[in-house]
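Shared between the two complexes below is chain A, which pairs with chain B and chain C, respectively.
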Partner chain A sequence: MSEPESTGVDRDGAPTLGEDPEAYAPSVAGRLAFYQRAGGIVTPLTTTIVAFLMGGIVVLSTHHNPLRTYKAIFEGAGLNWFFHVGSHHITVPFTQTHVWFWWDTNTSHTAAYNLTQTLLTTTPLILTGLAVAFAFRCGLFNIGGQGQYLVGAIVGVYIGSRFTTMPHLPHLLFGLVAAALGGALWAAIAGALKASVGAHEVITTIMLNWIAYWGGSYLVGRGGPLRNHVDQSIPVSDDVVNGAKLPAIWGNPHLQALHAGIFIALGALIAFYVILNRTTLGYEVRAVGFNPEAARYGGISVARNFVLAMTISGLFAGLAGALDIFGWQFRLGVADVQVSNIGFIGIAVALLGRTSAVGVGLAALLFGALFTGTSTRSLDPTVFPPELAGNLALMIQALILLFVGADLVILYIWQARRKLRLTGRAPATKGSA
Partner chain B sequence: MLSVVLAALALTMFAGASFGMVGAPTVRKAAQVTYKMAVITDVGGLNDHGFNQAANAGRLQVEKKLGFQTRVYDTRTSAERLPNLQAAAQAGYQLVFGTGFFMGDPLDKVAPKFPDVKFAGIDVNYNTDLPSKPANVRGIQFKEQEAGYLVGYMAGLVLKQQPGPDIASAIGANTVPAIVRYFGGYRAGVKKADPKATVILSYANDPTFSDQAKCKEVALNQISQKTQIIFAVAGGCGLGALDQAKAQGLWGIGVDSDQLYLGPEMLTSALKDVAKAVYLTSQEFKKSPANFKTGFNKVFNVKNGGIGYGKVSAKLKNRAAIIKKVNAIKKLIAAGKIVPPAK
Partner chain C sequence: MSVRAESVRSGWERATGPRAVGILGIALGALSFWLALPPVHARNTVLPVAVGILGAAAGIWAVSRRERRVGWGAIAAALVGIVGAILATRSSLTHLDIVVFWGALVTATLRWATPLTFAAIGGMFSERSGVVNIGLEGMMLVGAFFGALGADKTGSWEGGLLIAMAAGGALALIHAFFAIHLRADQIVGGTAINFLALGITGYLYVDVYGQQGTPTNLPAIPDVHFNWLQHVPPHQLGSFLDNSFGQMNLMVWLMFPLLIVSYIVMFKTPIGLRIRAVGEHPRAADTVGISVYAVRYSAVVVSGVLAALGGAYLSIGFVHSFSEGMTNGRGFIALAALIFGGWRPFGAFGAALLFGFSSALALRLPDAYGSSAGTLFQALPYVLTLIAVAGVIGRSIPPAAIGRPYKKQ
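For the complex of A and B:
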């Protein structure tokens, strides 16, 4: 989970950028580097466990059994599917070939279907998580994932439901690319404002979120230019044409199957890692993230990197919106625009995943499973009341965020433990004065 | 220290597990035949003071009075509509209600896969919202304009008899079809009783139907334009507006369910009885599941009791005379002599 290369500090702990960034540069990224050396996987794991334990106490206080509830959530997320092994067959995606497989992939079974829904939710979460993570690496806190996601979805639904004469594959690719660029442009506004006049990105991205929210509501609402042509009384856009939909890879395409977008999301994880750790661009972005002044002194254009980092962030989030539109949603209603919070959950995903590629992937899966698992269809009313079930996921999410925010406490304990261990040995250990 | 806390937490949880926190499985009365019915809500939550809550209230009545075994599936995000619907059909519920017009597409996709299950879509228009015309779905529609007309007419009568400017207003949460229909009927009703009256119609743009501050703000705006009666067509959001009307000594009109309980400043309420629609539909199903008709729109209106107006404030002057006049209009609507406009 930890990416030593990405911290800008040698694996041996040789003092490159300062042994204790806390003391010199308490910048966001500086703190991050400190975390990554200090805790590895410990902090996110501890925060998650503590959040689940606290959630369990709340469940208990409503006179329900937390273990049964968590078991129901686990099964509701479809994770029990992995335990049922046998002799089955699957069709290789995009072909007619059948091969032997040890799991039963028939989605008419609840476990398999639930798992497809978990992965369906995970897909955009990976991308909105990356959107937050990438900007974070440049020392920017991108709260605007939601707005960028919405812009992606709006552009996607516009292109998907128009241009009907285009051939299928180019139509789909055109939609995905344009939506990603739409999200990128949306984020670039905040980046450019930061670079040119120093407007804080937290403020501007939040404002851009609202513009996307109301702009989207207007566009697909009654009387809006993107409203549907079938029943004008319903505030929803036209459907994406059949040919432009992402192919289903698991399940019945009519029943919200898992679509090929998950491969794009996984590809984005790799792209994120490569850009950040294996390119000059990534090096500059990280350098600015650690210390903009030092980067400037080293000849790196800070302004340019602010804009670039935001643009790439927006690219991820815009793609998330497009994948949802072309993958399973196929249309955008006012309620969809206004209820969606995928972009905001992305913040939690990035923070819990500690802005590393692997971490974001795992955190997205955790939140995807949590949201699917706590749906009322999975939680039998005798296990947990449906009125509260929806809030349980939000509560656990909030607790995780709270603890991620308070991870200095956990780190402190971790450091104290390490210090104890170190002082037990020879005091000559390099750099732990 | 942390580990101590963790251990304590873990202990508490395991204690809960072993000491009978496990809810005893609900014992169902062994009736001859138990029918199973499920309600799938749309985004907004079970405590939305509106649509979802009303449908759930109907479900509870069905459970209590008709002896159905029921369950509610609360939809939280757009991605959950279809899976919830499918889960209910798969779990063996014979009658499945989907609430809200966004359920149209999921119903269109899921219903054909479960030909033995009967579906009903509240606020879903069978003719326009279900392209594949599944044979086992029934659309349930309401003539909200009739309820809007009735309370509008009463508001007009009140405007005429009391001093002050003849201005009435309405606040909608959002431009959803049902609210547009309420507005259409309301404006026509006010004008019918008081042709000189001005009617102000505004939207609070609250998709959650629960943000009281937004409706309150719109109410203040309307009050500055000298409105005398505020019709809040906005679920929980509308409570903020009604509160403001009450504070200024103006009349308020409730929506969907009878909201006279809010106080004597409530003139009356426009009733769109979703709970009753759920109940009546389930009752029809119970009579003969085999003959339960689907493949059309069931319209609830003044005539069949799904639409009406609520109790009238005791504070109202000439209360009996006004009620008499409104009832006369109600009869005309039921007879089809008056057709309130839908927008």
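For the complex of A and C:
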């Protein structure tokens, strides 16, 4: 949209010249502010509802009951847990005492167990969502979250399964930090190419995704350097040593319990907010995102910020991979490398969450619930076949992406129209003054 | 436009010297590798290395004469050739004979290159008109599924192809509507298209075929037989030609007219000029009376149709069945081929051949060496494209207005 505007006439035909700007401008600003405020919640919500409605039509057209299906997915995600209020007890950590609690936390009951699985999926989704969101704020579209996630997982499993003589806590921290750095490095390649030769980050990150995909398949595959030492015929890595695993905080550790990584993910949400809104770095990143030319004119190094933004993006995504490895997977197989799409879902998470910290958190929960609720293990197969449901979830996600993509543009047009009006009015203001 | 066209023309004139030498260098690099392989089997490294060094020298000369892309290509080819030759001379002869069965390799290369070429040519139409199409993967997948479904339901492969084309075109139309009319971000749209295709094909596949999978008697796109090839003298050449080209799918042969036609359409007709004008400077094109929207819509739909043909070839021409997510990144390799080939038909085809060769090699290597090292060859297309967009070997420059929505005035 960088075509030079030769005249100040509003293209939409609205009579802007000669009107009293003082009387009109506040109401436009007010309306826009209202729209943005409302748009912050209302448009993603509408988008989601429309996508689910269209998904419902698909379900209906294949002779299933959409309401019962969505209820089953809701329960499969364990979200009904919140409505089962009663008189229960939980143990206080490190003590023998029990205290009264509203909800039943016993994961041998389905609802609680399903909820732990939802939160388990939400954890990496928050981070891959942040990876897309952070770069987006700098005007970069990082669709390489998947590759950065994989590099994080590979580095994580390498460190987690080797260095067995290290003390446990340093071992875990070393693994997490190194994995995050690995992801950061992977993303920084794209950032550096963008900054130095202007190679489009979308193309480079797509390529890096697939290099990570095949590289990972090689490393943990048959005859690969990271394959396990127990049974060479299985294409999977060694297990993370016991002490270096993230502690389970809810559920049975042998049945994929929720791990402490969720606190790291929540911490990352706060870090994202603070870096972006309360530091010079974040200010520069956002300035470059709004208008690179203006930022350059203001003395901000655009190239440096491109590299930095991608690096921080990669930190988030790499950490996501590490949390999955140290939290519940404990090993990485060729199948894990090739099937995983946590990084790709991160794109939808970031865009639905409007690249804000709170939004990303909520969107990650939505997609975590959607994908857990439709998984073979969680969905009640008597209501709706889980093999169909997984694909239904993909469709709903795609529709949300489509509509959100168009919606961002609607906001942009709003702003552009306002800018056009203001610039069109500028000479008139001068004349009247 | 005219500046660009002129620079291309003078490029050709300048190229006759250094360009030819650079290409010779690439050939020498390939030759150095070939010498160490069957049937020649040079068992000492001197000859291949000498030929490789000659190739590298030709490349350096070409680079010094400013023919950068071809020159660096020759240097790279020579280095790969020398390293490959040294590795090959250390490898055992039986292993080499298993992997390097030239006839089979040529066929496999062409087979793998075909879906890539179809999708890449499709992508060229879309991207030359200024609409980024990273949804190629999804459009291929839709083509693969609806090709199989159509062939099954209509009982003929022609029906399968038609339905695949319609499905690919319809999916592309969604992309076009969001990208052109709603001016949505084209990357987001393309990503959504990929997921949508994955969801739709997976859903319908499970719903229609369930556990059984696609029927085994799926009508297939026929092979074209050239039995006379094996009678070509001398005998070795005859059997090589027969193994390579004697029995290939119709779609492989259709790829060549497609290439020529798309080259002519894109660079020698008013239609192509319009597409390129819209992709380089839509406002200028609009000013002279070209409908930017109409051109972009048709280009995106054509891209969907062609990508779907590539996908349909995969399902009913190659593996004769459909499985969920079967394109497995081929749409992205096609995108890579398109970029690597500089958004040109024959460039994209050359890249597709190279990438097809790496796929063919990746699938044969594990047979002999019993490890997953061959999978690394699958990453080759992406590494090369990364290097190409980085500008080390002469940058790939996209159309100027790519990814930018156009607002009618």
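The criterion applied here is as follows: the second predicted complex is superposed on the first by the 354 of 433 C-alpha atoms of A that agree within 3 Å, B and C clash if a C-alpha of one lies under 4 Å from a C-alpha of the other, contacts with A are read in each partner's own complex, and residues count from 1 in each chain.
As a convention for this text, a residue touches a chain if its C-beta (ideal position, glycine included) is under 8 Å from a C-beta of that chain, and two chains touch if they have at least 3 such contacts.
These numbers come from a predicted model, not from an experiment.
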item: Fit or clash - chain C, chain B, common chain A; value: clash
item: Which superposed partner A:Thr110 touches (first chain B, second chain C, both, neither); value: first
item: Touched partner set for A:Ala398, first chain B, second chain C, both or neither; value: second
item: Chain B versus chain C as contact partner of A:Ile211, first or second or both or neither; value: second
item: Touching partner for A:Phe141 - first (chain B), second (chain C), both, neither; value: second
item: First, second, both or neither for A:Leu246, with chain B first and chain C second; value: neither
item: Touched partner set for A:Gln329, first chain B, second chain C, both or neither; value: first
item: Touching partner for A:Leu53 - first (chain B), second (chain C), both, neither; value: first
item: First (chain B), second (chain C), both or neither touched by A:Ile159; value: neither
item: Contacts of A:Ala184 with chain B and chain C, given as first, second, both or neither; value: neither
item: Contacts on chain A seen with chain B and repeated with chain C across the two complexes; value: 214, 217, 221-223, 235, 334, 387, 390, 413
item: Chain A-touching residues of chain C, taken from the complex the two chains share; value: 132, 134, 174, 178, 182-185, 187-189, 191-196, 198-200, 202-203, 206-207, 283, 329, 332-333, 335-336, 339, 366, 369-373, 375-376, 378-379, 381-383, 385-386, 389-391, 395, 398, 404-405, 407, 409
item: Contact footprint of chain A on chain B as seen in their complex; value: 1-2, 6, 9-10, 12-14, 16-17, 21-23, 25-26, 42-43, 45-47, 71-80, 82-84, 86-88, 90, 101-102, 104-105, 109-110, 113, 125, 128-129, 131, 174-177, 180, 205, 207-208
item: Complex contacts: residues of chain A adjacent to chain C; value: 1, 3, 11, 58, 62, 141, 143, 193, 197, 199-200, 202-204, 206-208, 210-211, 213-215, 217-218, 221-224, 235, 334, 344, 347, 351, 385, 387-388, 390-399, 401-402, 404-406, 408-409, 413
item: Residues on chain A engaged by chain B in the complex (per definition of touch); value: 46, 49-50, 53-54, 56-57, 60, 63-68, 110, 113, 117, 120-121, 214, 217, 221-223, 230-231, 233-236, 252, 254-256, 328-329, 331, 333-336, 338-341, 371, 375-377, 381-383, 386-387, 389-390, 410, 413
